[in-house]
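Input: structures, listed below.
Two complexes follow with chain A in common, the first pairing it with chain B and the second with chain C.
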Partner chain A sequence: MSVLRPLDKQPGLNTATILLVGTEDALLQQLADSMLKEDCASELRVHLARSLPLPSSANRPRIDLIVFVVNLHSKYSLRNVEESLHHVDATFFLGKAAFLATGAGRESHCSVHRNTIVKLAHTYRSPLFFCDLEIEDFRATMAQRLVRVLQICAGHVPGVSALNLPSLLRSSETPAPEDL
Partner chain B sequence: MDSDDTAESTLRHRTSSRLQDCCIGATPLQKRIESVRKQVSFVPTPPRRKIPQCSQLQEDNDPQKVAFILHKQWTLYSLTPLYKFSYTNLKEYSRLLSAFIAAEKQKGLAVEVGEDVSVKVTFSTLLGMKGTQRDSEAFLVQILSKSQLPSENREQKVLWTGWFCCVFGDSLLETIPEDFTCVPLFLANGAETNTALVGTWFQKTFDCHFSPLAINAFNLSWMAAMWTACKMDQYMAATELLWSVPCSPQSLDISYAIHPEDAKALWDSVHKTPGEVTQEEVDLFMDCLYSHFHRHFKIHLSATRLVRVSTSVASVHTDGKIKILCHKYLIGVLAYLTELAIFQID
Partner chain C sequence: MEMPPGEQAATEPPDSGAGGGEGRPPQVAGAQETRAEDRLTLLLRLRAQTKQQLLEYKSMVDASEEKTPEQVMQDKQIEAKIEELENEIEEVKTAFEMKKLTIDRIQLSTALSKNLEKINPQTSVLMDNMKHILKLNKLIMKSQQESWDLEEKLLDVRKKRLQLKQASESKLLEIQTEKNKQKDDLAIMENSDKIKAIKQNLQMEIQITTVIQHMFQNLILGSKANWAEDPALKETVLQLEKNLTMI
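Right after this comes the complex of A and B.
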């Protein structure tokens, strides 16, 4: 099985590539569209995958950021992300991976408890975003945030590196990794 | 798991010592703040719960009233604590609520508080319907139609029934100020217009707030596991789970019925700690059902939403409708519902 590594390829000129992993095809597609609408100096590439590992034959650019999308309404989507995580190299979790939980707004539909995903994100020392992707405005805001994070991960923002992100994106409410 | 538990306890320790520094005799408000902090600081849901047991207090309840509660469909609501509610004033409340309902029905016409109304409201306590001595006593409200004819036909028809209870509501009770009565769970049976009327009156009189109690799939799977774990002398119904498939043009439901003894055998095979149910066991139990289904039908039930659980103990729907079937585990079922109601109003 091929493991995805962050630095095994040369970066493309002025390109930033994001990989969205999740079972919710329609939502991922919509999120990708919103991201591409964002005004951005870098050339954006958005790759979608249902699960990892990715087929090894395809010719793809270097991936700068992986976002794991979990739908809280479906346990299947959580299991899928948990299994996909095994195919990612540990160095990705130095700022180049993030979790995105959707569906928390409709509490009565939730099959996965909020804390399960909070714990998962903590285990991987990666930032966690909550966003109901079904709502267009929320999705647009999330797309904007992800584009900014992606630009940092791709090294297009002078003075900030992906290594800063885990500590910069940690909310004050959640305990620091060493407290866990 | 272990490291998480210690993290939680150190956090709690920190908040409590900080509070003690500023004030020794904590006021209810400070206790409340502390309890809110506890919830903000990570992992509020208990990772384990007790399997429903028979309660001793339950022994002294009125069998007639219990029979009346069983086998009826109740709609669940959560309710914030009642301000200045008194169990000695139940007669007075009956009179006032009757008048209020009559007034609302006649819309604008003056109504005399007293006899001449077509409906009658009764308040009565439900003894023993609680978990610990500290829990508030449960009480029942009924709307009866009063026959206009003065004939000997005194039979009164029950139009609407609702009852309030609190079973093992300790976590809320510790922070409750003196003038309040805590009955977080409200169950109603009858026309929704009547529920709304009674709700309005309670909100006006006791400054409380009702909200419908929906039960999400996460909690439904807990119920499925806990109720399967209950020992039954005799099973009355099959264990049936209902899933709703999202995103299809017409809503598609998948029903999954299991012989209750098979369900119990499956549970016994995943269950380790006696008398307790843990999150891992609930997950494992559901995963077993999912993988069995996937093997036969190639459908991932885990990608769909659990909407109804029916067992011999009780039957509950995600939109907050419940039918309790088994007298033995009544208190256990109510304890879990109380917990969910408290969690919702917190």
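Right after this comes the complex of A and C.
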């Protein structure tokens, strides 16, 4: 079982790589397409994975940001993400990992409570985004945000490091993770 | 499973070549210049990126190096260190929160001022609100003034009460001393010889009077007069029955 580590390979020139982990293949593909449509100075690479660990044989570039996509309508998607989290090195959670919860808009369809994913994100000290990926506009906005975060994580924004992200992304309403 | 990576089509920055893309002859030379400029900016940007990435790797290496001396340290030292670091974290956190609050406030005030410039001052809800707030503030100030006055009055009354209490206390003390004096005087008088002699005399007189009373009674009884008929005599006889020691 290979554990995924950040900064274990040399970065590609002007290349930023994001890894989207989730069971919803169609949604992930759509999100990836919207991200690639974004106007961005860096060269974007989007990898999609159903679950971790990744096959060790593949020749892949350095991964700068992992986004775990949880569909609140399916318990399987949450369990899959929870299992995948074991194969990620702890240093990834210093700003290079994020959670994305989709489907919170239609609460009647939810089989996973919102608080569960909030707690999960707090446990891993990582930012949590809510977005209904099925809606085009929301997906575009989220893609834009993710591209910005990815650029920071890949070190393409001078002066800002991924280490700053957890504290910068914390909104003033949500308490610090230690308080929960 | 991992899917093949989806890649962005354009390798260059999106702006590059935008000037010459339309194929207009007069602009070709300018387009080449802009292209060179673009390349320069690209190179500069790449330099900044590489620097940033180098910095990140360096910090990573530093962080992993810091672990080794900790293993040598004693437990207590580690605990002290942890406490120190925790304190540091707390300080930094509070500083950060303060800064964030300040920034929030600055942002808010800027937004507010911009907004105020934009909207018509006569009709805006904001101005109405502000006026209302001013009015309320005035009311609050007035009420506070009133409450202060009332408090002052209350204090005055309390002062007066305290003064009265002190006065009454001193008066009571005086009365007490006066009473004590009287008591002392009485005790002194009772113990004096004169009083004793007078008391003895009184006792003697009482005894004598009792004997005389008995004598008169017996005389009246011995004369066998019907004393009950004459009211004056009856009164006299009954008067002789009085015990003089009880007076």
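Here is the rule we go by: the second predicted complex is superposed on the first by the 180 of 180 C-alpha atoms of A that agree within 3 Å, B and C clash if a C-alpha of one lies under 4 Å from a C-alpha of the other, contacts with A are read in each partner's own complex, and residues count from 1 in each chain.
Throughout what follows, a residue touches a chain if its C-beta (ideal position, glycine included) is under 8 Å from a C-beta of that chain, and two chains touch if they have at least 3 such contacts.
Every value quoted in this text rests on a predicted model; they were computed, and no experiment measured them.
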item	value
Partner chain(s) touched by A:L169 [first = chain B, second = chain C, both, neither]	neither
More chain A residues in contact - chain B or chain C	C
Touching partner for A:R79 - first (chain B), second (chain C), both, neither	first
Contacts of A:T23 with chain B and chain C, given as first, second, both or neither	first
Touched partner set for A:V112, first chain B, second chain C, both or neither	first
Contact set on chain A toward chain B in their complex	23, 26, 73-77, 79, 107-113, 115, 118-119, 173-175, 179-180
Contact set on chain B toward chain A in their complex	3-4, 7, 10-11, 40-45, 214-218, 221, 246-247, 286, 290, 300, 302-306, 318-319
Touching residues on chain C, where the partner in the complex is chain A	1-3, 5-9, 11, 13-14, 42, 45-46, 48-49, 51-53, 55-57, 59-60, 93, 96, 100, 104
Chain A residues touching chain C - in the complex, by the definition given at the top	7, 11, 13-14, 17, 29, 32-33, 36, 39-51, 54-55, 58, 60, 91, 154-159, 161-163, 167, 172, 176
